[in-house]
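What follows is chain A paired twice: with chain B in the first complex and chain C in the second.
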Partner chain A sequence: MTDTRTSAVSVSGLTVGVGAHGPTLVDDLSFEIAAGTVMGIVGESGSGKSVTSLAIAGLLPPSLSVRAGEVRVDGRVTASAGRRRRRGNDRVDIGVIFQDPRAALNPLMPIGAQLRRSLRAAGMNRARAESRSLELLEDVGIADPVRVGQSYPHEISGGMCQRVVIAMVVGAEPSLIIADEPTTGLDLTIQAQILALLHETVTRLGCAVLLITHDLAVAATMCDTMLVLYGGVPVEVGTSAKILTAAEHPYTIRLVAAVNGEVSRGALAIDDGGDLR
Partner chain B sequence: MTAPLVHPTPPKPKSPRRARSSRLNPLVIGGVALLVGMLAVGFIAPHFLPDPLATAAADASQPPSAEHWFGTDRYGRDVLARTIDAIQLDLTLALACAIAAFTVGTVLGTLAGFMGGVVDEIIMRFIDILAAFPAFVLAILVAFALGDGVVFAVAGVALAAVPEFVRLTRARALSIRRQDFVLASRVLGVRALVIAWTHVAPNSTGPAIVQAAFVGGSAILYLAGLAFLGVGVHPPQAEWGVMISEGSAEIVRGIWWSSLFPGLFILLAAVGFHLISDGMARGQHD
Partner chain C sequence: MTASTSPLLEVRGLSVEFRRRRHVVHAVADVSLSVDRGTTLALVGESGSGKSTTAKVIAGLVAPTSGSISIGGREIPSGFKDAALRRSVQLIFQHPGSSLDPTWTIERILAEAIPGRVDSAARHRMADTLADVGLDPSLLSRTSARSLSGGQAQRIAIARTLLADPALIVLDEPTASLDGSVRLRILRLLAQLQHDRDLTYVLITHDLRSAQSVSDHVAVMLRGRLVETGPTSAVLSQPLHPYTQALLDAAPSLDPRERDATMGRWRSQLQSGAVDRTDPSVPLRQVAPGHFAAVE
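Right after this comes the complex of A and B.
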């Protein structure tokens, strides 16, 4: 851990809403992620976690728009107010790992072909992409990359699919990896493996990671810093240690307590949130 | 938290499922068998039959007999020979219609659904115009406007079928474009047209393939109809629509055989295509 880190990602005043006048989904969100660190966004369903990640990747559906603020990845603006959507060819260094690994792979194309295509898109020639794709599959712990490379997504397990997705993202060598609930659809042992793989990958690549999760335990093991979203509003930002041990905001305190089993689950849900804001 | 769970005996990895091809619907098999059987007859039988164009005034308008199974038409030509001779031509034309309409329709539908916005508007308004005409009228219009000829008749029938392909494909593409693997490609900076071709199109054409088989069956009816009206294939070429047209004048005189048998073959071919279409549609709902 050095002091010479640069901010790979900076989000300032990001506000996302439905259309121009509809409800606001994410309100005035600002944070920075240093290269080589993991930032977690924690919050319950509907708190704006996924919308935030889509906005940063420039993938908001047409009905949603960035109303204010901007996102910079490596100094380049990837999302800002007034920009409808990204054009296909202005490549930004972002890789996305989705919640459902099967949906993240084209069901009609063998895995190896998809991996090679993504490498070719990153500018590799055919032969290089071929050999690199096998390397990448090995790197993510797939023992027989040739056979898996010839398989279709439905022929391998969800955990394997997620490994392939990670291999794809790693192959593109992005500055930022957005992992949106990357382990939610997987069972517990696989979850631990995938998280370990993700952690190892980050260390090796030295990229910034934005980990979206509703699972405070996952966030606690993975993240250097954390941001707690509640109803689209950032209620707490800080290092993981600080949030887990010395949270200041009442929502965070209850969230941590709930995970530790000190409060019944009901206590979180009963509040309508009015006093928490 | 990551204490490894150890299985007493680790379960063997499941062998990859390759059951897709073995689950071909019996309807599809039946339809393909029917069409392939017809084609085989169309290729082989003409060698054993009289010349489909040879006239014989003395033998004109004979009812079915041991010598002429399907009888003869008013020029004394053997109806069986002509009906069989037309198989190749009719099935080829039907296939050409289905393939042309499928290609144009799925390309436009993928573009409309995936690109959205102005592209979508332009394509769909154009399709609305096409769809506003009754299919048969449109086919006649196109065939007449472009000129008389088999190719133009095929073009007319294909164009009339395009709107349905566009709508089916567009509807699928609209949902595929929001799938994670498409989003992931977009983030990677893959060009839109490449994404459309590699990811969106292959995943959006399922319903259109079913429709293509259906159109193959309808195209035979349309082409026969056009030929009946004198567009496309012309006499003395043996073609089912032409034969029905030629025979129609004689039906009132009780000469039913020169129209009935080509009509039955149209029915057979249409049933073959529709069986395939129906079978595939059922397969897709599984």
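Right after this comes the complex of A and C.
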């Protein structure tokens, strides 16, 4: 982005490793995300994309630690070397959407009660939380918010659960939303709806989004900028258009070519036979 | 595409019902398909569409409630026991690792597909087949399947399938659990093997667009029923059923110039919820040669 919007998120020299002396999982990562834009971290399994998202969210498991660098959200440090867990106010600044929405919801509590509780934690009074929770469920395309609010997570579909999680995150009005493979495992038509919803949310809230995905085509549609990770090392950062059409790093070029090859007709043609598609 | 004689696989009026306590689930309802030898049919649908149940019936793992299946012109009796007939249809799963016993050597895993004793001829065949799927024959003595990558594990599953000398292979999302670059290599391998051995594939997938490069025909399923079927190029370029169109609209594009158009389609799906309201029970009718759709 070439405009003058301030960066909502700034990551500088982020390095994450196992314990103090174990292997380095993410090495010297720096990038910025402007408010109102979506940045994608793309990479294959083991590239360190999820570790990056956990570090930024301040949710690293005890075995991993930030060795160097820092993360600032709206100017405030949310992760840095030596800092263990996220603290009180971080939660209103950063919302996280994980791959498995059911794991993020309490199976023993009705959806509406969970939503009200998260709104109360963000400082709303009881009456306001009550009415706002219904509004939020409507905003994420749930036609019958009263009935869904009374349901338990197991009574609604995975796509519906993910909508509820998005409603919860949006309700806290964070400066940064981290979405870690938010639609992996969902049907394609549901994925389209969830991602459209997420995109709408960014526009409405003007927050920054960090989208972690293994699906380059999803990133191409959602992201303004992209970071390509390989083996914990950032190999390329740039606008989505540049990464997809004019990548410079050989790994990025190969990754884009592989995904392009899969969807283009004739990519699987056999050299010697010639008669096969 | 090869000129066809008689189809290798024919499915007629297939229905599968599961009983759940007091109600009956119609997993597959009146599905008819035919696949010519040496070609690939992509069976496309989302969760609950009945695509995997259809695949399991074809592979003989689930008994149909009604309907018939024939392979190479031979009618398959319900719950067939005939070993040779069973071997002629093989199945490849999404998670290759889970179909490989981690405590067995690769040789023992592959030997399962070969009837009779494992003699030196059988060992040669196994080594040759490993080479055919792009693996080093020295892997045979490796003891643990756990140290294999996802791509290697899928190649071993493919090698085991080939050793059974099948006419038809049912591929159930064979690359869904693999990374992008590995996926393309496995798809290339499957295309090469099909070409070399005149194999017939039924490919189960949730992604209609990915069917483009790998299939001759597609069949789209929704809630147990076929809603559209025909040559892949015709269905993808001229989708007639609203659900087929919705599947194509939902697929993200890698082209940055398509970005706004794709997001626009996603937003309109979000607003209309069109997929939820599609009625799949309209009967199929022929709209162009070989192209059928469940439209009025």
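Methods note: the second predicted complex is superposed on the first by the 253 of 277 C-alpha atoms of A that agree within 3 Å, B and C clash if a C-alpha of one lies under 4 Å from a C-alpha of the other, contacts with A are read in each partner's own complex, and residues count from 1 in each chain.
By our rule, a contact is a pair of C-beta atoms (placed from the backbone, for glycine too) under 8 Å apart; a residue touches a chain by one contact, two chains touch by 3 or more.
This is a predicted model, so every value here is computed, not measured.
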item: Which of chain B and chain C A:Ala217 touches, first, second, both or neither; value: both
item: First (chain B), second (chain C), both or neither touched by A:Arg117; value: first
item: Which of chain B and chain C A:Pro107 touches, first, second, both or neither; value: first
item: Touched partner set for A:Glu130, first chain B, second chain C, both or neither; value: neither
item: Touched partner set for A:His199, first chain B, second chain C, both or neither; value: second
item: Chain B versus chain C as contact partner of A:Glu70, first or second or both or neither; value: neither
item: Which of chain B and chain C A:Ala57 touches, first, second, both or neither; value: first
item: Chain B versus chain C as contact partner of A:Ala172, first or second or both or neither; value: first
item: Chain B versus chain C as contact partner of A:Gly95, first or second or both or neither; value: first
item: Intersection of chain A interface sets (partners chain B, chain C); value: 188-189, 192, 195-196, 217, 221
item: Of chain A, residues touching chain C in the complex; value: 44-45, 141, 187-193, 195-197, 199-200, 214-218, 220-221, 240-241, 244-245, 254-256, 258-270, 273, 275-277
item: Residue numbers on chain C that touch chain A, as the complex places them; value: 1-2, 46-47, 179-181, 183-184, 187-188, 191-192, 194-195, 206-210, 212-214, 216, 233, 246-247, 249-256, 258-259, 262-263, 265-267, 269-270, 273, 275
item: Complex contact set, residues of chain A against chain B; value: 57-59, 61-62, 86, 88-92, 94-96, 98, 100, 103-109, 114, 117-118, 121-122, 151, 154-156, 165, 168, 172, 188-189, 192, 195-196, 217, 221
item: In the complex, chain B residues that touch chain A; value: 1-2, 4-5, 16-17, 116, 178-181, 183-192, 194-195, 198-199, 202-203
